[in-house]
Structures are given as structure tokens and as C-alpha cells.
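Shared between the two complexes below is subunit A, which pairs with subunit B and subunit C, respectively.
Let's turn to the complex of A and B:
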């Protein structure tokens, strides 16, 4: 084994270790487990499945639909839509939930009427149904950009020739979509969707507020309410198992269907013209996700800002913004470096152990942040007893935690681009016995410049939004915009919380802009 | 004080900070009042305070993982149950201080001095003035009566305040009766539990229900909110202190303990004493509308409006002890 392989295995193992410390409890029988299994497990699994299924369907429809129109059609306003459709990504689910927190209050007169005239139990049923619906819609409208981005990238890469030939053959637009686009973008849809599902499972604040008992809620109830960490970790393993099966499915589907890239000629992407009558409809269709996923929460925050009275005397908001940018930059750079290096080693040397272990290392994304925190705390206490060092409480500890959680985010785009664009070159350079360092820096790095940039930007946004890990693992007196927002919301200072919320959006803004430009330039 | 003096003082303070030391605090409390008090403590003593805010359960986990090397000196929680838990995990150490003994009533501190209450929170019934007569209300037990069917809202049982309330009912009435109570209350709910205590108050004001069980300070916050709608909500509601004719209203404390690993013991004890001083109690408790430890003598306007009350004298450690049982009962009766 050479040093490249060794280094990759070491890093991947380090990242997997906290996850291992969580799943390794799978078989521990705790006293309360029987109680949980009999009274709660079914309910947890049912509501988790409902939410995940609903969000999957809706975010796929929104993501794929908007990507298809914006990328493959020609109409006025297309270019603007193209990038504002990514914007909902800047809004963390917990902030979206608070921006919509009183939506149910609006329905109160209806519920009151229903309660008096139809009956309490019926009202509760209707209300429950509506709550599920609202949560599903809420999640879908802020998470669909993951599907949108991935499908759009895939369409830009290979949709061109498909559409050109289809138009030549005189196929109507809806047939092109059904027969050509949908099947050819399937891997991209699933890749984006798996990120959506993992983000959904990670949420605690929104489902807690709306009173839905998902598995994630169950984990915290066992931990906080029963003081039973073993059961909490066991429930977490269920969650990991669930995600693992999704990832396996994705792999099977990707593995079975191989796609050749038919790269179209540069810059001349044929687009389907949209007839005048339909333009309005298409525009509305693509504008709606932007309205619900971004505009409404954003405007809401802006109006709150008008009411807020900020005491600029203690200018710690500047310090907090700086902290957020600083930690997000460091985290995104280190995470992308690691994802790039391991992927390269995997691709270049084709070592089986590296491949397997790296698959385990990206599991962290599926686990709620607060549970990852437990894994890290456990690791911390092992390291502390053996080496007398504390890894948490430092910036390093926090960045390491982000690595465990967000490696998968950088992983997906880098892996798929490297497979597509570098696999054969790497093979050739090995045959020609070019050194691995040369291949890494002279060939892979320049070719993958854009996917690397995109990966770094997405991780940057994710870290800037991250809440639970930061909350529990941060150093003394260290606040990020996310923790500060949370703090204010906790005190019901909605007005005051608008400034840090808007700043999260503001610092993600340039990232979104670059993501859009980079994706478009890939033509 | 002129500029030069001030500068000297800062230099002096910086120089002595090595001798005076710092104080590291893990706290679940996230209120403005705490910020004010931390600052005034630093100004008075020169001891710098470093803070990590988070949920008590997670902070306890962090303390545990850091072991004897933990930098934390003080753990602050918003309920007694978590402090009991920290004590049982060996994360706290006893403090012997005459000042604390004098300032903190016996029922509001650990019997072995491992933790001390800092402020009092009463869990009460609020009702819609126009739909409920005060004489219809009596006890927590009465909330199980069928006459309240479809008229009651209360938050989810994931919340520690409800868990503590049921833990106290288990202690007073026994497990069997407590289960029956939880089942009947669930049956009386006007809607499935969701939102926080503030949302329950809103629901009563908006006619969704006639009663809600909430902590008093939420009503104080609503009444003093910058939002007009919030103040309107508060104006439609009235506070009722249950069980005045028997054991008294259920209370809990926000409290603190000295960590077992503390390296700044002297400063930490000074800090705890500081927070329990009468004048600081006023800030600590009242700016957040919680009751001070001497809740009987609380004299700010809103407390007078709510009226005086008798509190349950139950040893608060019991709440921690019965917490698991309470959660299980909630699960069994399906109170989400």
C-alpha cells in the first residue's frame, strides 16, 4: 500500500469514527427500548415515511419541472429565473418554519367553525392532515434546489444533442420530456433527491414546532426525556439504516444505467421555443417555487427588520458575521480538499479498501447534526482519556465536526465529475507512469476546477446555515449567525432575529451567484 | 473618571486578570437579563465571564465527554431535573456557602448543596376572560373533568415543563392516578399539541380553546411585547394559580451548580452568591418575568396583577427522579 492510499484510509477512518461510535450501539438492549418499540416506533416510522415521501414527490416535481423549462426552453425571463430558482437554498429550514409559523393561525376561524359544526375529532383529523401538508410543502419549497441544480447540470451536459435530434425528428415537447429527458436525468434526480431526503431527516426545529413525531424527534425524546442515550443512539441507527438503503438504491440505479456524454457543440444549446400562449403559464410555473421558497420568507424577514431596534452600540453582529464567514470558508476549503484527494486516490489507484471506507465516511450527512455531536463527544472523551487532549471547544474541533457532517455534500459533485471526466485520463496517465502527484495537480485539478468550486460553494452555504453542531461544539463566546438567530428566536424576538437571518442569506448570495455562473459556463 | 484613569484601570485589569482569573459558564438560559448580570459581575469584580449557550442535556453530555479536563466552572439549567441528572452523573460538586444557604430557600436547592435555584417558574392555568368564570377552576386534577372536553390546549409532552408537571402529579397522586389524569386531559384537548407556551396562550385568545396550561413568564412576555397583537392576546387572558386549597401551584426553578472539574472554584462560588443577592434577583428574575426566589415578596406590577400564590413545597429533586416515568405515561396515553 502506498502513502496515498494510506493517507486516504486514515482520513476517511477519522471521519467515520464518530459515526461508528453511534451505530456501534445498535445491539445494546436498554430498559426503555421495549417501551419505545411498543408505543412509539411505529408512529415515528409512519410520520417519517409520510414526510419523506411527500417531500420527495413534491421537490422532484418542482426541481425537475423548473430545470426542464429553464434549461431547455427559450422564453423571456428565462435567464433571471435560472438563478433565482437556486435562492431558496439560502434559507435554512428552521428559519422558513418560523417565517411561516403563524400560517395555521390564519386557518383558525375555519377550524373553529369546523369544531363547532362538525366535531372535535374530525377537526383534529383535518388539522393533522393539513399540518403534514404544510410541513411537506415548506420543506419541498426550500429544498428542491438540490434536485434543480443537479438535474440542470445534467441537462446542460448532455441534454443538448438529445433535444437537437428530437426537434429534428419533430417530437413534441411533452414527448421529449417523457421519453428522453426523464430517463436520461434519472441519476441526477436521484442524486439531488438523496440530499433533499437527508436534509429532511435532519430537521428537528420545524417538525417539533408543528408537533409531528418523526424519528428525529424520537431520538431527542429518548435522550432528553428518558435520559436514555442508548435508545437514542439505537433510533439513530434506524435512521442511518434508512439512509443507507437509499444510498444503495441510488448506487444500483446509477450502476445499472451508464450514460455516455454526448457533448454538444460549445455555446450553441438548442432550445425549444415556447409558444406565446404558453409563456405566461411556464413563467408562473417556474416563478412559484421562488415565491414560496424565497420571496415570502425573505419579505417577511425584511418587514420584521423594519420593526426591530438594533442596538448597534455593541457591534457584535459584525464579529458574528465575520465568525460565520471565517468558519464556513475554512470548513468548505478543508472538506473539498479531503473529498477531492480521496476521490482522486480512489479513482487513480482503484484501491478496494479506500473505496469501501470512503463510502462509510459520507454517511454523516444523513445523521441529524445533534447526533453527530454525540459521536464527536464520544470520540472526544476517548481521545481525552488516552492522549489528554480535548478536540472540542476549538475551531479545529468544529471544522472536524462539519467534515463528518458535510463530506457527502462535496463528495457527490466531485465524484460524479471525476468519474465522467477524469477516469480514462487517470487510467492513461497511470499506464504511462506519470507520477500520481503530477496527475493530481496537473490533470485532475484543472479539469475539475468547476465542480470543485461548486462543491466548495455548496458546503460554504451549508456550514453558514448549520445550527445543532455549532451550538453544542463551539468554543467559548463564539456565535455564528445561525446560533445567534436561534438564540433570538428562542426568546421570541422575531423582529430582532431578522437581521442575522437576513445576513445568512446575504453571505450565501454571492455563493449562489457563482454556482449559477459556473454551472452555466459548463456548456 | 478621566480618560487616563480609565486607561490605567484597563491596563491594571488586564494585568491582574492573570491573578483574578476567568469564569467559564455552560448555560441553558438565553435571556437578556443574564447578559446584563454577567456584565455587571465583570464590572464589579474584574472577573471575565466566558459563555457557551446550549440545551442543558447537550451541555451535560459535553461536560461528561470533557471529564476532569472540562473548562466549565458553572452549569446553569432552566429546570431542576437536569441539575439532578448532572449531579447523579458526578458532574457537579457541593458548595458550602452561608450566603447561598441564606438566600436560597431549602426546597429550592439540593439537599446536599450540589445545586441552587436562581429563579422560580410557576406553571399555571390561563383562561379566556369572556368564556370562563374563575370559580369554574380549581386544580390541575380538575383539568381531567369532562366539562373541559374540547376546551383545553397544552403543548407537546416533549417539553420539560410538562414532564415536570406530570412528575409532580405522580409524586402526589401515584402512578395509576397520574396515568388516568394524563389520559383524560389528552381527551379534553381542543387540538393536538403543537407550538410553545406562547402559542397556547394565542390559541386561547383566538378562541381555539378556553384554557391553556403555561408558565407565567410567557404571559408577561406577551403583555410587554413590542408587537400589538401579542399585547392583545395577553389582555384577553387571566392567570389562575391551581391547587391553592391543597398542595399549591407546581413550580420549578432555573438553577446552577459548580462543576466537578471547576478550576476557578472561588470565582464560581462568588458568582453564584452574586446571582442570589436580593438586588440582582430582581434583574435576574423580573426582566424575564420569572419569579425571584423570594416569590412571595415579588412586587413588580405584573406580579401584583397576577396575585400572590402558594407554591407546591415538593422537593424539586423528585421532578428529576420521576421524569422518565412521566415521559412513559405520556407515551402510553398518546399525548404527543
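Let's turn to the complex of A and C:
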């Protein structure tokens, strides 16, 4: 084994270590566990399942429906919709939740009437049902772009020929959708949906704000409320089990049904014309997710900004913005470097061990930030006992945690581009006796400039928005825009929280525009 | 010299190479022919070091590069590979591509000569995407030869080229390889390409060698129906119907001896040339005029399936007409 392979295995193992520690420590005894298991676990699991199920159904309907109309139909305003439909991605779930914070207050007259005329218990039941419903709708309107983007990409790749052949066979639009588009985009739907589920499971602040006790909330309470690492680890194991079962299901479904990739150029994409009387309806259907997922929260935040009175020196917002950009930049550069190097080694030397271990290292994205934080705390206690070194509470510790969580985010674009663009030329380079360093810097790096930039931007956005991990592991007196927003909301300073929230959106906005434009052109 | 000894290779449970052995002398140009999935590209990748076989050994110029305990990586084999998709580096000009290989800078004279022979002087400062498939193919060939490899391996070198370019490039490849006395192994599914370039053809199927011989030998005396069919349509007639025939004999899967006659070996019967020939009479089932030839399907009662023949005659023949042909 050469030094490249050895280095890659070492890095990948280090990244997997916190996840391994959670699984390994599943059986640690805890005094609180009996109480949690008997009184809370069922509630945590029920809430998690309800939210995940509801969000899955609704985000699939919104994502697939909008992708179908804007990609395969021809109507006025289609191009604008195609772009604005991804904008909800710039808004983290917790910020959207804050923006809709007073929605329940609108229903107060109804609850009052219900309490007086029906009864308190019934009112509470309806209230809690409505809270679940609101959270599901809220999450779906913010997270559907994952399904939308995945299905749109699949349609751009193969939809053209499918639609052309269906039109020539005389199939009406609704039959094309039901009989061709839905089955052929199933793998894309599953891929997008699994991301939606991961993001839903990862959320801490939004569900906490609405008072829903999910497994993630349970982990936070065990650690922050009771300082009970063992219970937090046990709850994390339950969540990991849940995540792994989703990943396995996804793999089985996607393994059986691959993309029906019939070559078709998007330049000649035959779109289905929308009849005049339906144009308005289609436009409204596609515009609604944008309104609820982006426009309303954004406008509300802007309005709050006008009401708030800022004193930049007091709020320290410049320093916090600098912290956010600094930590996001360091994390994205380090993560992209690691993803690029391991992918290169995997592709170039085709080593089986590197291939297998790198698969473990990218599991982090499917595991909620709170769990990763617990794993890193556990790792920290081992390192501290053995070497008397603390990794948490430092920028290094935080960047390492982001690495565990977001390596997969950088991994996917780099891996697919390397496979597509560099597989054959890396072989050519080897048989021409060039050294691996020459191949890395003279061929792979210049060719993959764009995918590397895209990977770095995606990680940058994710780190800038990240909350649970940062909240637990940040260095003392170190705030990011996300944690600062969270703190302000906890102090009920809604107006003041608008500036950091808008800054998070502002940081994400240009990056998402660039990523969308580049990936769209390359399909 | 290249020696492959009892090589096995699996992809999962699928056995791709099944104890394959072969030996190629220095300076020889050998084509490995087979249908897709026959194992020919895997053999090439194993020779170049891009794949590792499960067992068996490989010697290149008397050096063991692959055995149970030895694996020499591709960059140390001095064995270059021309890829089917050419694999030119898109971020480099054609000239930079040519001089990318280790040691190519020391072979400037040879490289200049190669550039001249392949007539690519005008595109040296262009990038791959600015050039045609034929130009890219020639640059890929020069790039591989620029390192002065002991062995050059070529994966379907002509498959992406149109008909006219194919003949031109195949002649050029053959000339260049012979000029520098490089050992060459060319993988192709098209036996006609193989015949144009190589001294020797190896036909493989399911990871084993079916036949190994000169192009003439394989064309005239295929060992089985499968090998015979690589050259296009052909007729197999049971030997028992014409026991006196002196045509080449192949054996069917159940070992039945069959006479092997190609469609263009037939001609209309004439008494004076018929001595020792196989004579068949039948009714014309279909006839089609293609260029100057008549393509005929002949229904002969004793022979199944119908005989396919190509006649170069000016005479008009009609469906239903009974004719006598000989081969």
C-alpha cells in the first residue's frame, strides 16, 4: 500500500470515528434511561415519524409537481419559475419557523370558541394536531427543492425522448405523467426525498420552537438538560438506526430501478404546450411553493428589519458575520481538499480498502448534527483522557465536526465529475508513466475546477446555515449568524433576529444562483 | 515479448477471463477479436496494469509484471495504451498532450517524425475539443508512441471513425508500429479492422481463446461456426450431403461436421469448371440487386436453412426460377 492510499484510509477513518463511537457505546448504562424509555421514547419516535411522513408526502407532491410543469411544459413565465423555485433552499428551516412564529396567534379566536363550546381536552388535541400540520407544511415548503432539483435533473436528462415518443403515440399530458414520468423519475424522487428526510431529522430549532418532541430534541435535552451522555448516545443510536433503514431502502429501490437515461438534448426539448385556460392554474400551482417557502418569510424578515433599531457596535454583527464567513470558508476549503484527495486516490489507484472506508466516511451527512456533536464529545473525552488535549471548544474541533457532517456534500459533485471527466484520462496518465502528483495537480485539479468550486460553495452554504452542531461545539464566546439568530429568538427578540437571518440568506443567495446556473447548463 | 499464462479474472461472480494463455513475439502486431463481453478489453487492462487478475502471471519483455505475489503498477510497465475514447487531456494542447508521458521529452526526434507521418502539424496548438475524431485518434497514437513503449496496447482504435477515415488510419497505425518495431496488441470487435492492421489474430469468447492464427488462416479455415460468422454471413451445409467436398469443414456445437461456404464463393453452374465443385440446385426465394451483385436466397429442399449467395452476373434472375450454382 502506497502513502496516498494510507493517508486516505487514515483521514476517512478519523472522519468515521465519531459515528463509530456512538454505535459502539450503545450499551452504556444510564440512570435516566429507564425514565426516558418508559415515558418519553415512544413520544419521541411518534413525533419523529409523524413529521417525517408528512413532510415526505407533501414535499414529494410539491417537488415532483413543480418539476414536471416547469421542465416539461411550455408556458409564459416558466423560465422565471424554474429559477425561483429553488430559492427556498436559502432559508434554513429554523428561520422559516421564526418567520411564521405568530401563525398560531391568528387562530386564537377559533381556539377560544372551541374551548368554550367543545372542551379543553379537545381544544388541546386540535391545537397539537394543527401544530404538527403547520410544521409539516412549513418544512415541506422549505425542503421541497431537494426533490424538485433531483427530478428536474432526471427529466432534463431523459424526459425529452420520453415525452417525444409519448406525444407521437398520442398520449395526453396526464397519462404521460402517470405512466411515464412518475415511474421513470422514481429513483430521482427517492434520492431527493432521502435528503428531505435527513434535513427534517437534523432540525432542532424549528421543532423546539413549536414544542414538538422529536428524537433530535430528546438528544439535546439529555445532553443539555441532564448532562447524560449515555442517554444521548442511546437516543442517537435509535436515530441512526432509523437513518440507516432509510438509506438501505433508498439503495434497494435505486439499485433495482436506475435512471432511464435515454440521450436527449435539452436544446431540442419538446415541451407540452399548456392550454390558455390552464396557464393561470399551472402558474399559481408553481408559484405557491415559492410564495410560502421564500417570499413570505423573506418579506417578513425585511419588515422586521425596518422595525428593529440596530446599533452595530452593540450587536457585534460585523464580528459575527466575519466569524460565519471565516469558519464556513475554512471548513469548505478543508472539506473539499479532503473529498478531492480521497476521491482522486480512490479513482487513481482503485484500492478496494480506500473504496470501502470512504463509503463509511460519507455517512455523516445522513446523521443529524446533534448526534455527530455527541459522537465528537465522546471522542473528545477519550482524547482528553489519553493525551490531555481538548478538541472541542476550538475552531479545529468545529471544522472537524463540519467535516464529519458535510464530507458527503462535497463528495457527490466531485465524485460524479471525476468519474465522468477523469476516469479514462487518469488511466491514460498512469500508462504514460506520469507520477500521481503530476496527475493530481496537472490534470485533475485544472479539469475539475468548476465541480470543486461548486462543492466548496455548497459546503459553504451548509456550514453558514448549520445550527445544532455549532450550538454544541462552538468555542467559548464564538457566535455564527445561525447561533446568534437562535439566541435572539430565545430571548424573544424577533425584530433583532431579522438582520442575522437575512444575512444568512444573503450569503446563500449568490452561491445558489451560481450553482443552479452551472449545473443546469451542464445537464 | 508478451506472455500471458493461465490468467483468471472475475467481476463479482462473473468469470471474464478463464485461464487464458498466450504468447506474443517482439515486434509482432496482434489483434484480439471478440464480441462484447468476451473479455478482450479486460485482457488489455490487465496487460496495462489497470486491472489485477485473480490468478495467473504476465511477463513483459521477460520481466514478471503480474503473478501471485508481484504487481508492477501501470506507470512502471513501459506499456502504453491508446484508449477507445482517446483520453486526451482536455486542459492541454495537442502538443502538451504528446509530451505529457514520462521520457517523451527525450525522444524529440522520434516525436517530430511521428507528427510528420501522422500529418498533425497544424493542430498541435489546438485543444482536443477543437479537433476532429480522426485528428484526436492520431494524437493519441503519437502520444503513446512518444514514450517509446516496449508494448503498445490499443482499445478499439478505429471504432469511432467513419468508413473513409478507418482505412486511412488503419494503414497509418500499421505503418508506424512496424517502423518502430513495437509490439502491438489491438483489441477490436471488427475482424475486418483486425485483418487490415495485424500479423496475427486471436479470437476470444467467454474468456478463452477460440482460435489463434494469421488473418488468412482464420478467414479461410475458421475453427467453429462462431469464428466463421465474425467475417459476416456464411453458409453451413451438412458434410453428409456432399461427402466428396474439398471445402473447409467446421463442427457444430453437437460435433456435426459442416461444410463452410461463403456467399461470394458461389458462381452459376457451368459444365467446364464444375469438376470437384460442390453443386447445388434450388429455387430462388428472394433476389436483390445491390451495386453490381445479386444477393439471392436459394431454397434447396435438402438443405436447411436457405442458402445465401452473392453472384456477380449480368443475367436477370427472377423469384421462383430454379438455378444451379457451384462453389
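One rule holds for everything that comes next: the second predicted complex is superposed on the first by the 400 of 523 C-alpha atoms of A that agree within 3 Å, B and C clash if a C-alpha of one lies under 4 Å from a C-alpha of the other, contacts with A are read in each partner's own complex, and residues count from 1 in each chain.
As a working rule, a residue touches a chain if its C-beta (ideal position, glycine included) is under 8 Å from a C-beta of that chain, and two chains touch if they have at least 3 such contacts.
Just so it is clear, the structure is predicted and the values come from calculations on it, not from any experiment.
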item: Partner chain in contact with A:425 - subunit B first, subunit C second, else both or neither; value: second
item: Partner chain(s) touched by A:510 [first = subunit B, second = subunit C, both, neither]; value: neither
item: Partner touching more residues of subunit A, whether subunit B or subunit C; value: B
item: Partner chain in contact with A:443 - subunit B first, subunit C second, else both or neither; value: second
item: Subunit B versus subunit C as contact partner of A:209, first or second or both or neither; value: first
item: Partner chain in contact with A:172 - subunit B first, subunit C second, else both or neither; value: neither
item: Residues of subunit A that lie at the interface with subunit B and also at the interface with subunit C; value: none
item: In the complex, subunit C residues that touch subunit A; value: 48-50, 73-81, 83, 85, 87-91, 100-104, 143-144, 147, 153
item: Subunit A residues within the subunit C interface of the complex; value: 350, 421, 424-425, 427-435, 442-443, 446-447
item: Footprint of subunit B on subunit A - complex, ascending; value: 32, 35-36, 39-40, 101, 105, 108, 111-112, 115, 120, 123-124, 127-128, 131, 208-211, 213, 217, 220-221, 223-229, 307, 309, 370, 373-374, 377-378, 380-381, 384-385, 388, 390, 392-393, 471-478, 483, 487, 490-492, 495
item: In the complex with subunit A, residue positions of subunit B that touch it; value: 24, 30-32, 50-55, 57-59, 61-62, 64-67, 69, 71, 85, 149-150, 156-158, 160, 163, 190-196, 198, 202-203, 206-208, 221, 225-227, 323-324, 327-328, 331-332, 336
